[in-house]
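Got a structure here, written out as structure tokens. Questions coming.
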Amino acid sequence: MSKSVSELLWAEKYRPKSLKELVNQEEIVKRLMKFVEERNMPHLLFAGPPGTGKTTAALALAHDLYGEDWRKYVLELNASDERGIAVIRSKVKEFARSKLPGDIPFKIVILDEADNMTADAQQALRRIMEMFVETTRFILIANFPSKIIEPIQSRCASFRFTPLKKEDVVSRLKWICEQENVVCHQDALETIYEISEGDMRKAINILQAAAALGEVTVSHVYKVVGLAHPKEIREILNLALQGKFIESRDRLRELMVTYGLSGTDVLKQMHREIFSADLKIPEDVRVTIADYIGEIQFRIVEGADDEIQLTALLAKLALLGKKISSMKG
Amino acid sequence: MAQEARLPWIIKYRPKRLDEVVDQEEAKAKILEWLKKWPNVPKKALLLYGPPGCGKTSLVEAVANELGYEVLEMNASDFRRKEDIEKVAIRASTMQSLIASGRKKLILLDEVDGIADREDAGGLEAVAELVKISKVPIVMTANNPWDPKLRVLREIAEFVEFKKLRKDDIIRILERICIAEKLKCDKEALDYIATRAEGDARAAINDLQAIGEGFGEVTLERAKALLRPRDKERDPFETLKLLFSAKYAWQAKSVLNQSQLDYEQLKLWLEENIPNQFSDLEDVSRAYEALSKADVYLGRIIRTGDWDLLAYAIDLMTAGVSLSAKNNPRDKDRWTKYSFPQRLLLMSKLKDSRKIRDDLATILAQHLHISTSTAKAEIIPILRAIFISNPEYAAKIAVGLGLSEKMIEMLAGPNKQVVIMHYRRLKEEIEKKAAETIMQLQAKAGRTEKPEARKEKKKEKSQSKTTSTDLTSYFKK
Amino acid sequence: MSKSVSELLWAEKYRPKSLKELVNQEEIVKRLMKFVEERNMPHLLFAGPPGTGKTTAALALAHDLYGEDWRKYVLELNASDERGIAVIRSKVKEFARSKLPGDIPFKIVILDEADNMTADAQQALRRIMEMFVETTRFILIANFPSKIIEPIQSRCASFRFTPLKKEDVVSRLKWICEQENVVCHQDALETIYEISEGDMRKAINILQAAAALGEVTVSHVYKVVGLAHPKEIREILNLALQGKFIESRDRLRELMVTYGLSGTDVLKQMHREIFSADLKIPEDVRVTIADYIGEIQFRIVEGADDEIQLTALLAKLALLGKKISSMKG
Amino acid sequence: MSKSVSELLWAEKYRPKSLKELVNQEEIVKRLMKFVEERNMPHLLFAGPPGTGKTTAALALAHDLYGEDWRKYVLELNASDERGIAVIRSKVKEFARSKLPGDIPFKIVILDEADNMTADAQQALRRIMEMFVETTRFILIANFPSKIIEPIQSRCASFRFTPLKKEDVVSRLKWICEQENVVCHQDALETIYEISEGDMRKAINILQAAAALGEVTVSHVYKVVGLAHPKEIREILNLALQGKFIESRDRLRELMVTYGLSGTDVLKQMHREIFSADLKIPEDVRVTIADYIGEIQFRIVEGADDEIQLTALLAKLALLGKKISSMKG
Amino acid sequence: MSKSVSELLWAEKYRPKSLKELVNQEEIVKRLMKFVEERNMPHLLFAGPPGTGKTTAALALAHDLYGEDWRKYVLELNASDERGIAVIRSKVKEFARSKLPGDIPFKIVILDEADNMTADAQQALRRIMEMFVETTRFILIANFPSKIIEPIQSRCASFRFTPLKKEDVVSRLKWICEQENVVCHQDALETIYEISEGDMRKAINILQAAAALGEVTVSHVYKVVGLAHPKEIREILNLALQGKFIESRDRLRELMVTYGLSGTDVLKQMHREIFSADLKIPEDVRVTIADYIGEIQFRIVEGADDEIQLTALLAKLALLGKKISSMKG
């Protein structure tokens, strides 16, 4: 089952298996290859935004170290899965205890999302890392290195992964489309890049879902990610700014129903549109809207009602529009 | 006797005979009569209630003494879980046979309001059961008869009230003790003690001992030195007046220190009275703004558990409200007739109506596979439209969904009489049909009509209620 | 109309019992039928706007799997009514424990409004889903799929329900009217569709209420909508705007007692009133009120006492009314 | 050894052992001595603020009644001991019921912080106090007597302990300094009195800690209690209100370092100072500041950064100060 | 291995072993030496900010008391490890039970981060401290003494550690560089001091990490701590204030990506820059920015979206900039 699933998912199917196949993060790859060569390495900390290849690099490193059997010598833990440090301790203990075959220098524990652990759990982790250091190396993966406590950072060699560049992502997507015999449009691939914000895994997932609808077009892309078409969002903003409060609100409700958007989804899309050249409003209006969106998003995070708060946002926009036009008039 | 001397006076001077019990003549008579008639009484248990120190337990002991009962006592210091009570119940139900061999028995369940919700789980229900099967009289005591947890006892026990003692009675008791203890007593001192006791003889005796014992005399001076008058707390009206008229923030802040109101109550009193005190709309709005912010702090306390935030809530609701009178500062000193918070009066009504609405929503939620909040937001309004516009059809739906009459009242508003009329008629129809079907079935099966007779009887007892719930469960299937 | 002595709500009476009876969401139905055939299925996630048949599909699936006795093997929970994840856990545990008859492959837990759970509760839910996976499958129902955490989404087969089309809703309503012997007008049915925004349940409810007035006409439909939302709220808003603060507050209390409404209920109804044509106030006042309501709703979320916050809102409205009239005057 | 430690602690070392040594609450002491003389007493309720000698008096009474062996006849239950309803019904009842040794008139149960006991536990106590009164007397100690249920209050003779007077505390502290050969300044002792709010034990603890720094001076006192000098706090507030933002912030940082204050400590002190007559600001401004402080405290409670938030508070004050002066000007 | 690790870490390698080697906190050292001399001491409470030598002092004290074998007589507990008070109790019990050699007066339990314990746990701790006082002394270490409950404070001799002075830290760092043959720049060492805020351990860790990049330069320092160069932060602030909203936002995104900064990281750096003389803005603008940063940081702490909120912050700055220039103009 797991095999077939991984073949079905392009993100898995096209995930590089070996360090040699990694096309980005050249600096990092070079250093990692050195470890393979020397068959020795310190604990590692891989930091960077999602989808920049951190996990891929960790697995590829293991692959290159141990060959095809690598899974035997690797324990993968997802920190947000196994929240309790006690679980981590016992699993690592179990894993570290088992004997090493003669030619294997050490085993590897890959700990994903390590920055999601509490400071206390990280303290405990640090001790675990020390306890088993003779037989086991840790690769910690984190989005934000600053959320990893000092003492761990200072025990790890640290690698910083940067977001992939547009051309890299787009050309990779195009290549996959060719492998899969899928028709794709350049603007659709660019939209995918923007939505996925340099996260390769996300990008490939979107690509696959859009391809499932036939062709990879812009509107298919928006459909599969469950986002409204930016044009619609812009229209709502414009309506509100023109003082057509009730109309804008009706449109918004319709949109939310059609696409199944939550309040946060809508705000995120609005936030993106503020920076779009297609929204024809003066820059200072954009600025004010950005300020409002921050306020409303906070309220929703605090548990306020999506609908009431979005209405309040439209109301604020309508008042803003009125003020601007009265100033002009 | 030497041992006796070391007893606290509240024990030493506890009434041992009936005539030593001061006042409470009515209660005395009731208890005596009830005991004499027992078991030929309407309710098989007595519940004596009244404030502390008015002689409830003493009276039971005195009566038992006089009439020759042996008292089996169970009180708050005993575990009173279901199984503990049941042990007593077993003894009580078999005790009759013992009477021949020994003295008459009486069960005293002291302090039934002290049966704890958690630790004594099931205790009160077990008491109710005990009363049913007991072969000896049961007397209970409690301070507050309105305690909601005593509701189960209401139907099975006769409630007998003990009054607060009058000041004169308390002085009489004290004088008697002074004589017995050979204390020189100062009339004013006794008066002071009795006033402070507020009808609680036990407290007064304790105070007397605290002041007098060992000194050979009771003086007003020492009474005042040792027994500080309770801090006089300002009533709500004084509290509000002081708060509104405060010129300085600290003045307004300090009103809560000596008030009968706590911050929760003060919040309600302010909500009610801000517009009574302030006339300018902007001032009013500002004051409510402060109150609203104070409430936000209270909410944050609940969520974070950080009680340090309370200080800020209090600042805002006292000083914040008081200093809001900026446009019309003269309003601050205006004489105002404050009103009691309507919300406190409406609270129970509101609770009832919310309960009805919640129950209604629960029925609808189960019926329609939705959440109760969706039921409230979507379905209840639609039902309301139907109930207002088409009473007859509404009644059918009410029957179909198994709604209660209270629910119908809420939904139908002005139309409630008509809908309920139709509703009752429909239900009678259904019951008739049901009865017919049962008869037919029985005729078919050729059984006796005993089970049906029993059912009929039950129906008489609690008419509409049972049928409506029966229907509910019927339709739930 | 129905001649029987008792009457039910049509939304339930005409709910399809089996997947075959489902007339919309064909794609979804096809996939679900496959599960029935195979007598196996993964956890499911049904997402989509209210009234698009999510719950109906879940119940019909259970019906088709287990036959008439299906209720025995199904636990229905509504996340917004269950107090805390602990309650959910114990209920599921209880339910999962009871033995399965030989021919039943697994039991089903239907968890409605799963997107109302906090992220933490969802994490716990995920663990529960895993714990009982041998004997139990979950069907999670949500309005907004984006509010379901990633790890749950990736463990579920996901189904997106789309809003119903006008013709589908209208023809269904017409069919019900035939069953119930109710006279209905085409334009009335269309009006119902518009008011209910593609929410079938809502549409049927309005239909039933309109039918209760005799015929289903456009004016009856509007009357129903008016009756459903008491004009008291409107009056309270008007009183406050006229500066009659104390009076408006007293009326508010009366309303809350009569209908058993909470502060949040009232605020939501006020929010609805702002958009009602029956409230005769200038549009810019509506806008300002919408803004206030957003602010106060946020405070209700943050605060401890709904009613204090509502009273504060009325005071603000009174002040607003005064300002407006002074500007006019 | 434990003796030497308790000797190390002045609060223990100088705690009166016998009623005769008690220097305050004369009336009450006189009364208690009579009880000792008579070898009889009612149940007692000692009420009053912390550190007014309630526990000391109870223990001294026991000491005088029973001599050096007093601990044998006394059951002490503190707030930190389990005192639920079950303990009252078992442990306390057991003790009360047990036989008296020959020459002892009665045993004593001391319940410290009795007002912290649940109402249920107190209920359980009622009859025990009566039934075993021949062998056992209770001394209940409470900060808030109103939290003792009425039926228990009425079973006790109650004594109200008042906060110690300044001269009493100061002279006691001075006497201890003489015993310990410590140099002390009169104003430092007065500061100790103010900080300890009439709580003798706290006062002695502060004295000892301050003495450990060499001499007992005002600044040493503030240092050991981890409080800033109120004057300094007021100066910072004033600087901020005058718009000297950076200066106020530098002062605040310095203060926090010097006294080892946490953000919350600072906020608490500020909150106290804003209502001080020594801070010359309009009355309504005090409330506004209180609101600001409360907001900032809440943010810190929620986990926001101490430093950023305190800076934000000073900023708010600076802005407020500007507004006030512009309104005047 | 563990040995070599401690040698690898400079913070361990250069940690003073004996009280004599401690170069700061002279007052404290003097008092502690007295205890060593007398071979007796009360319980101790070491309070102060991180990295001021509290743990070092505790270990050095033990070392001086017991000689090289000191580890035998010391039990180190980290409060955040062994949260449960039950664990603490059993460990201490175990430890206290073992016999003392003739010449050892008592054993020592060092309890780190004692202020992280709940009040209840501290109450229990207090009893443990009393229970084993004959054979065991506690050294409690805390950041904020105000979070230690009164009864413990009054049972401990209390020592307040203050942050290290710039010259002390810098000269220590320079000395280490000499030992390690590392080239270092004076301004880099000063930057390290500022970033580490008087925390010696942190400072040494940063030094070591920067040294690993070759030389200790300012830019290496910023790189290893994962912070943007202050200049870049200032530029973004300036762009926003000049109304170049979109540009400032693009720069910010780039920065976050390049350095892997989280929203909180950015805010902390901005907060630091407000007080920098290199940022050429009027003081009242600084004030307003400080207020904004506080608000936005709180929102992010509450779970709001980093990106939306930072955008909102830039928007606020842009609006502020506009207001200022319009006032001038």
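All chains are identified by letter, namely A, B, C, D and E, in their written order; residue positions are counted from 1 within each chain.
FYI, a contact is a pair of C-beta atoms (placed from the backbone, for glycine too) under 8 Å apart; a residue touches a chain by one contact, two chains touch by 3 or more.
Given the structure is predicted, the values throughout are model-derived calculations rather than measurements.
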{"item": "Smallest number of contact steps required from chain B to reach chain D", "value": "1"}
{"item": "When chain A is superposed on chain E by its C-alpha atoms, the rotation angle in degrees, nearest 5", "value": "75"}
{"item": "Furthest chain, CA centroid comparison against chain E", "value": "B"}
{"item": "Whole-Å gap between the CA centroids of chain A and chain C", "value": "32"}
{"item": "Inter-chain centre distance, chain B versus chain C - centres from mean C-alpha coordinates, in Å", "value": "38"}
{"item": "Centre-to-centre distance between chain D and chain A (centres being mean Cα positions), rounded to whole Å", "value": "53"}
{"item": "Shared interface positions of chain A, touching two or more other chains", "value": "264, 302"}
{"item": "Of all residues in chain B, the ones touching two or more other chains", "value": "300"}
{"item": "Contact graph of the chains (line, ring, star, complete, other)", "value": "ring"}
{"item": "Order in which chains appear around the ring, chain B first, chain C after it", "value": "B, C, A, E, D"}
{"item": "Touch list for chain C against partner chain B, complex", "value": "1-2, 4-9, 11-12, 50, 55, 59, 76, 78-81, 112-113, 201-202, 205-206, 208-209, 212-213, 223-225, 227-230, 243, 245-246, 249-250, 253, 256-262, 265, 268, 296, 299, 302-305, 307-309, 311-312, 315-316, 318-319, 322"}
{"item": "In the complex, chain B residues that touch chain C", "value": "267, 271, 275, 281-282, 284-285, 287-289, 291-292, 295-296, 298-302, 342-343, 346, 349-350, 353-358, 364-365, 367-374, 376-379, 381-386, 388-390, 393-394, 396-397, 399-401, 410, 413, 426, 429-430, 475"}
{"item": "Of chain A, residues touching chain E in the complex", "value": "47-49, 119-120, 123-124, 127, 130, 133-134, 143-147, 150, 153-155, 160, 162-163, 198, 264, 267-268, 271, 274-275, 283-284, 286-291, 293-295, 297-298, 301-302"}
{"item": "Interfacial residue positions of chain D with respect to chain B in the complex", "value": "27-28, 31, 34-35, 37-43, 84-86, 88-89, 93, 105-106, 120, 123-128, 130-131, 133-134, 137, 150-151, 153-160, 264, 268, 271, 275, 277, 283-284, 286-287, 290-291, 293-294, 297-298, 301-302"}
{"item": "Touching residues (chain side chain B, partner chain D) in the complex", "value": "3, 5-11, 51-53, 57, 73, 75-79, 110-111, 113-114, 116-119, 143, 200, 202-203, 206-207, 209-211, 213-215, 222, 225-228, 247-250, 253, 290, 293, 297, 300, 304, 306, 308-309, 311-313, 315-316, 319-320, 323, 326"}
